[in-house]
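One chain, subunit A, appears in both complexes that follow, with subunit B as partner in the first and subunit C in the second.
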Partner chain A sequence: MRRGSLAAAALLALHAAALVADFVAPYPASQQARSLPWAPPSRIHVRAPDGGLARPYVHALRELPGRFGEYEEDVSRRYPVRFFVRGEPYTWLGVTFRTHLFGVEPGARVFLLGSDGLGRDQLSRLLLGARVSLFAGLLAAGLSLGLGLVLGCLAGYYGGLLDGLLMRLVELFLALPWFYLLLGVRAFLPLTLEPWQSFALLVLAIGLLDWAQPARLVRGVAASARQREYVLAARGFGAGDAYLLRRHVAPQTYAVLLTQAALSVPQYVLAEITLTYLGFGISDGGASLGLLIATLGRVEVMREYWWTWLPALALVGLFFGYYRLADALGGRVGHVAT
Partner chain B sequence: MSGPWLLEGRGLARHHPGARRRGAAPALDGVDVTLGEEEVLAVLGRSGAGKSTLGRCLALLEPVDSGRILLSGQPVGDAGDDLRRARRAVQLVFQDPARSLNPRLRVEDVVTEPLQLAGVGGPERRRQGRELLARVQLPMELAARRPLDLSGGQRQRLAVARALATEPRVLILDEATAGLDPSMRAHVVNLIEELRRERRLGVVWISHDAALVAHLADRVLVLDAGRVVEHGPVRRVLAAPRHPVTAALTAADAAPDAAPDAAPAGEPEGVRPGTPLCGTLVRRGMLRSLQAALLVFSVSLLTFLLMHVAPGDYVERIRSDPRIPAETLEALEDRFCLDCPFLERYGLWLRSVARGELGYSIVYGPVKGVLWERAGHTLILTLSATLLGWLLALALGGAWALAGPGSFDRIMGGLTAALLSVPGLVVALLLLRVAAAVPWLPLGGGESPLLLRLALPAAAVAASLLPALLRHVRAALAQALEAPFALAARAHGVGPLRLAFRHALPVAANPLLSLLGLSVSGLLSASLVVEVIFSWPGLGTLTVEAIRNNDPHLVLAPLLASTLLLAAGNLLADVLLVLNDPRIREGAR
Partner chain C sequence: MATRHRSSSRPTSTLLLLAAALGGCGGGAPDSGSQSRNNRLVASLRSEPTGLDPFLTIDGPSVTVMDLLNGSLISFDEVRQEPRLDLAESLDVSADGRVLSVRLRPGLRFSDGTPCEPEDVLSSFAALLDAERASPLRPQLIVDGRPVEVSLAADRTLRFELAAPVASVERLLDGIPILARGMAAASAQWSLATPPDRIAGMGPFRFRRHVPGQRIELERNPHYWRVDAAGGRLPYLDELVFQVVASPEAEVMLFSAGEIDVISSLSAHSFEVLERHHGDRVRMWDVGPGLRFMFLLFNLNESTANAPSGPFVGSWFRRREFRQAVSLAVDREAIARLVFRGRAVPIASHETPGSRFWWDPVSRPPPRSLPEARRLLERSGFSWGSGGRLLDPEGRPVELTALVSAKNPDRPPAAELIREDLRGIGVELNAVSLTHGALVRRVLTTGEFDAAVLELGGGDPDPNAHLPILLSSGRLHLWQLAGRPLFGWERTLDELMLRQLAARAPEERRRLYVEVQRIVAEQLPFVPLVSPHVLVGARRGLLGFEPAATGHPALWNADTLRWESAPP
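Entry: the complex of A and B
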């Protein structure tokens, strides 16, 4: 098996799950079960009370009298975990569905990763939040790498004054304390933004601030591609600049760009998480990985409810996958600008 | 010969870009060259005589500084469609086909590319492509392969097929058989001969091999140092050379390229004279300061512009904020004229910066007091984290590099890969959890001793730096440890520690010092998050507080202070780089 194919497959599965998160998640991200705050991950029973094997089931939870956030199982009734169940409606690509991958009948709830202080299912929030955060990261990476590709190719191919000017600009952008700048950009916008506004802001700000590193990488490759004899040969049979750039120079840079993308996407996902953690990103009405980390961020929460760490663990897994991929693509992970 | 020449160059001169400034000799210096239909002209010369430059100029791929090139008696335009049309009439085949064929394209696409550019449609293009491949005797099975799958001779035939696709009148072969073994060479030479007769091509053979061209050429032109030193029918010139270079070339057949390649005359190579230390430092310092000033200026301008154009009136937001006392608002309006045009407000703020007051905060009054105090805290945090991170990286990375392959190497590799995947934010939260479990560690702020308060935040920032640093240190040290001087030291019996730190580290230091400069930006971002998590009273918490309080000048100030810190960090890395260069150190003595 080729190096990194495992990481690529795992990442693909993860992104696919995030893409159809409404279906995989048993509940909507913001659906609250007010009677079940801080419920621990549901115990899935596979043994019937008589000791024989049974279809997996859960019990409903009952709050212990006078003890906030502590529960016991109501063993009087079993709620089997069923697949392809009817649940809350959701809209996907303009069509409304009601089928969820799994769930239990009303009366009990299945919280595979536990619930938060409002009784929201952490797994559902993780999946639906990952969709927003990953999409933001991918889009921002597309923007910054696209900008880097265009400017880097122009600088590397034409050289001369244009190259000089663009590279000075690159040095300037590389020397920016960019997270402070991101906060500075955020500061003058209204404190609470609609989720889609925060999303757009995040993508635009990161994409427009962070093009310098990819541009520098691309420029190096383009400058050396320009000198290749096959580029000269193509010029010899009448190729113009636009054709040479498109057909011979730009494709040389894709390997570098792909590696850079595998490094950039997790960085940008982290930027969303950090902004949201600080309270300037996506607000609590929406869903995002940052909101889950913000939940974890309070000392009493992280101390009392261990399952709030699970989203952080998922995040580490995501990053690990991306870095393995980058490692396999170019062996340049050490170049993550710490 | 009657009528115009097929290809003619008159008084061609060419300097390589930048060479004129260095006072180097021109690559071509007034060369006249002519080529008739179906004629073979050989261009002979030693390495560096200007043969390849002549070939590229004749193929119209390099501009000439002076002189004219005529195709069938018509002068060639020097730009646009004219030039492109003319280029298709003269095709160049390069010495190394591995480099002149794009490795990413399929063989079939390589040969049809010129047809595609000429606008030949899909099916017709494929048909002609196959014909061309067949003409150079390349089997059809190869059409879907890539150039790197081909042998050297096949590649060169592919390059010839591609050159034929434009239906050229002239073929220029620049050492086109130099890299091939004798049987392949004969194959390509015969192919060119057939093509010349069949298509009435004019052929220019560029070579340093007099024996080869003796069989092929009608006329020969000998170049030396960019000038034509001999020119005439091939039999006459090679049999009775008049110029020493020609004589050397014909005599050197047995050992090609050995004798003729005298070292080019020029200034003797030597160690650059030492640059004065102070001068270098001052120059670097001025450059960095200039850069910092430019950054501060553009960042502040950008931020003001944002304040101005951001949706939702920011000034209105300040005015309607019930937390802001009326007299503070008045003072702010008074000094900074919140309703004035954008440039005027920016000017007022600049003046306040020039006075050293750095703007006016709603909460703190003049920004300068609180800013420098907070910047100091950030400096303490980032400096101690940098120190901690680098010490750990040097110790662990040194051990890792010295250990070589083995289980320790695998463990460290896995550990750094895992650590790299834990975002700094999560590391900081984990450490916060540790603080919550350990009674004598403060959760942040408070009255505990500085060292205790500093321990966890510094560890959190250092942990986010460590994995990448560790990889770099190991890579740089491992490379230096493999260098011959390190092997020699090992042979002399130098111990591992001395080997790593006395011998290898100074050599490995340069890339690491550059890394120090590059990582400052990431360091500041990491410390911002850590400050907020541990309530460390630095620039990060100040920024967050300022945004929450709608305090415009206080948002700006930490941004500028962090820019300055960044510039200072880069300057420090520069200075260390200069100090680590022994030649510059020597110069100072």
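Entry: the complex of A and C
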């Protein structure tokens, strides 16, 4: 379980950073530095010119004459990296803030993960995009698992005709090509959506399409649980169906659901990323991991600007963490969800 | 969207000079290949041709192949941007400009060895003018509502009679394929599956083989009419192979690996990567601006009831000051620099510097000026609310949607730049990616759009190539589809374009067309943005390679390409 704890801690830290992404990110996701397209990650200097230690600083970049996207540092001035700096305003939970975790004075930029073709900070876009993608995944997982819990418990507890109908519905949903359905759903949506509307509809679409697998798992557990002695005893003492479902049957499914959640979240994150990558999710200007990865669709970008790989590598880490967690949870509860 | 047009341009005297420079025609037996021949050139196509009927098939890949299989009386020198005599030995125009007399070269043969007679030319034009066949090339031969009348005269001469004189009349014949009498009717069945011996033309190559999904193989036409200055029969190449390569990235990789010998339609970044990393094996050309141009289109239809942002968007777009303000707010230099890495030119109207004779160098795009843009908006009744949001005269926030094609990697970043620029005047622009087909349907059919970032690009610099766009009745009159002028300046555009169509003197045509460009630059039915450069590459050792800004940049002169030494 130790490796599961590590994975859980790492994921928690990542989600916490994404939650306060506006604070951690030095720049807004859409802010363009048009004189600095494809700037490499900033070199953080800690040595003063005299060789001694100095407060971390960066130099401004200037493009080499006639060499698009190639830079040299302007060493004539140092820009110290400061913490809790005043920057572009952002709104969090309805309140406007201006403090960012770190930054430099105007005149230079601190691009820890480099910039993209429009001079936008990759770290800021990664954090703010991760917030969109991660929470889309979490909420969609919550929706699908919640729906799966309710329908699975009903099917497993009552059995009979209800069970038959629900399981046929499960089979239908499992057979659907969810990705093409999502594209079809997106095609029916209005062309113009606010980012929050895009986000909400993505969550709904993904969550409502993928409840079938959790429902099937929960149904099995519920069907088994209703035969347990304590359930029979409680029924004998006059407990109603609602009480039995709520107090005795549903709790038996939580372990399965938890494991399923650890597997579903990365899938749903990937669904959101895929839709946005293909241009059918959140539009540019808004941030999303799918948009970041979309730049890798060009071979020359992949080859020339290695820092554009970093969001993809961050995703690998994210998925690895979730699967480690699922593995640990599955081992603990004795269920392996596939 | 890409369009392909053929039309007219320069005086007949130039044709005669070019004809003299080209050398003689091919009489007698086909060349047996006694000269050193450096065999094979491999090019690429983004998709398989849909057919090989030169009268019916007009998609890009099909035209690329058919242009090499078929000959025409007149063709177009893409580098010099002038017409030239091909199968025609001479061309005379009557004093009233209504009759062309075209004398066929002697000794012409189709690729199967059949002699070419004037009757073959007659039957080719008859097939083309057959209304039932509904050839897309037919409108080219309709003048003043009447088809051109073609008849035989003495001594290998054909007469073409027009209902009215037209500008650059010789270009009417440009690109019209000449097939043998028996084949002009049968060509309707020609496809990639047709046995090669049933397809014959007078182009430099003939069809040899199609490997489905992979490549199309052409072989040298031993009866090709053209010879070089030393009297040697062209083409030099024995084979020309088209690899079907669906993606631009794959195309670049195959070119860098040496599996493709020529490449065009490159992105600026791919161009630089190839130049930097493979310069020892390939040579790259930045030909300069072509005929393509990118623009921001407004929905100026009479009714914008279906516009995504609301029916009132039309009231914004129909104000010239609004369109001009948007034009002033857009940073074209940034688009040229960031999207095309400096390999694009900001433009003021639909015409580009790639059209050397017709482009008006006086029309420059306005320097970016947010204060001037704001002044124009204020004058038109707009104001600004909280947060700097632009409000229309009715107090509605100005927010609109711009469609971009998901297929083209240049347009989303251009739309993003425009979005940030328009924020400077308080306009909120949302860029939405659509499939190409969905975007075209919304713009050309349903009118369900506010604005769109598009490209148009013809292969022909002649102003007549822009008739479908600029004429209010044109099928590509994108900003409004009423089929008639809705604004006074559109009426003026119609008049000017029709006058230049009828004008015979090139200088007069140019004067009229410059006026057209200035009206477009002032009235801005769309905001012209940039014209990307044409970027071309070829494997080192390929001689005779003259990339062009118009037509097919790499293969327009395929008959004179040759290898310095045989490829390994």
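Keep this in mind: the second predicted complex is superposed on the first by the 322 of 338 C-alpha atoms of A that agree within 3 Å, B and C clash if a C-alpha of one lies under 4 Å from a C-alpha of the other, contacts with A are read in each partner's own complex, and residues count from 1 in each chain.
By our rule, a residue touches a chain if its C-beta (ideal position, glycine included) is under 8 Å from a C-beta of that chain, and two chains touch if they have at least 3 such contacts.
On a predicted model such as this, the values are computed, not experimentally measured, just so you know.
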item: Clash or fit (per the criteria above) of subunit B with subunit C on subunit A; value: clash
item: Contacts of A:Arg34 with subunit B and subunit C, given as first, second, both or neither; value: second
item: First, second, both or neither for A:Pro190, with subunit B first and subunit C second; value: both
item: Contacts of A:Ala175 with subunit B and subunit C, given as first, second, both or neither; value: first
item: Touched partner set for A:Gly297, first subunit B, second subunit C, both or neither; value: both
item: Touched partner set for A:Glu105, first subunit B, second subunit C, both or neither; value: neither
item: First (subunit B), second (subunit C), both or neither touched by A:Phe319; value: first
item: Touched subunit A residues, subunit B compared with subunit C; value: B
item: Contacts of A:Gly69 with subunit B and subunit C, given as first, second, both or neither; value: second
item: Contacts of A:Leu278 with subunit B and subunit C, given as first, second, both or neither; value: both
item: Identified clashing stretch of subunit B versus subunit C [134-142, 350-358, 440-448 or 458-466]; value: 440-448
item: On subunit A, the residue positions that both subunit B and subunit C contact, one per complex; value: 190-191, 278-280, 297, 299, 303
item: Parts of subunit A lying in touch with subunit C, wherever the complex brings them together; value: 30, 32, 34, 37, 68-69, 117-119, 190-192, 278-280, 283-285, 297-301, 303-304
item: Subunit A to subunit B touching residues, read off their complex; value: 171-172, 174-181, 183-191, 228-230, 232-240, 243, 247-248, 251-252, 266, 270, 273-274, 277-280, 293, 296-297, 299, 302-303, 312, 315-317, 319-320, 323-324, 327, 333-338
item: Residues of subunit B that touch subunit A when the two form their complex; value: 56, 59-61, 84-85, 87-88, 90-92, 94, 96, 99-102, 104, 113-114, 117-118, 159, 162-163, 165-166, 291, 294-295, 298-299, 303, 306-307, 310-312, 314, 317, 417-418, 420-423, 425-426, 429, 432-433, 436-437, 443, 464-465, 468-469, 471-472, 475, 518-519, 521-526, 528-529, 532-533, 539, 543-544, 546-548, 552, 555-556, 558-559, 562-563, 565-567, 570
item: In the complex with subunit A, residue positions of subunit C that touch it; value: 249, 252-253, 267, 269-270, 272-273, 308-309, 331, 334, 337-339, 341-342, 401, 403, 406, 409, 412-413, 415-417, 419-420, 430-434, 448
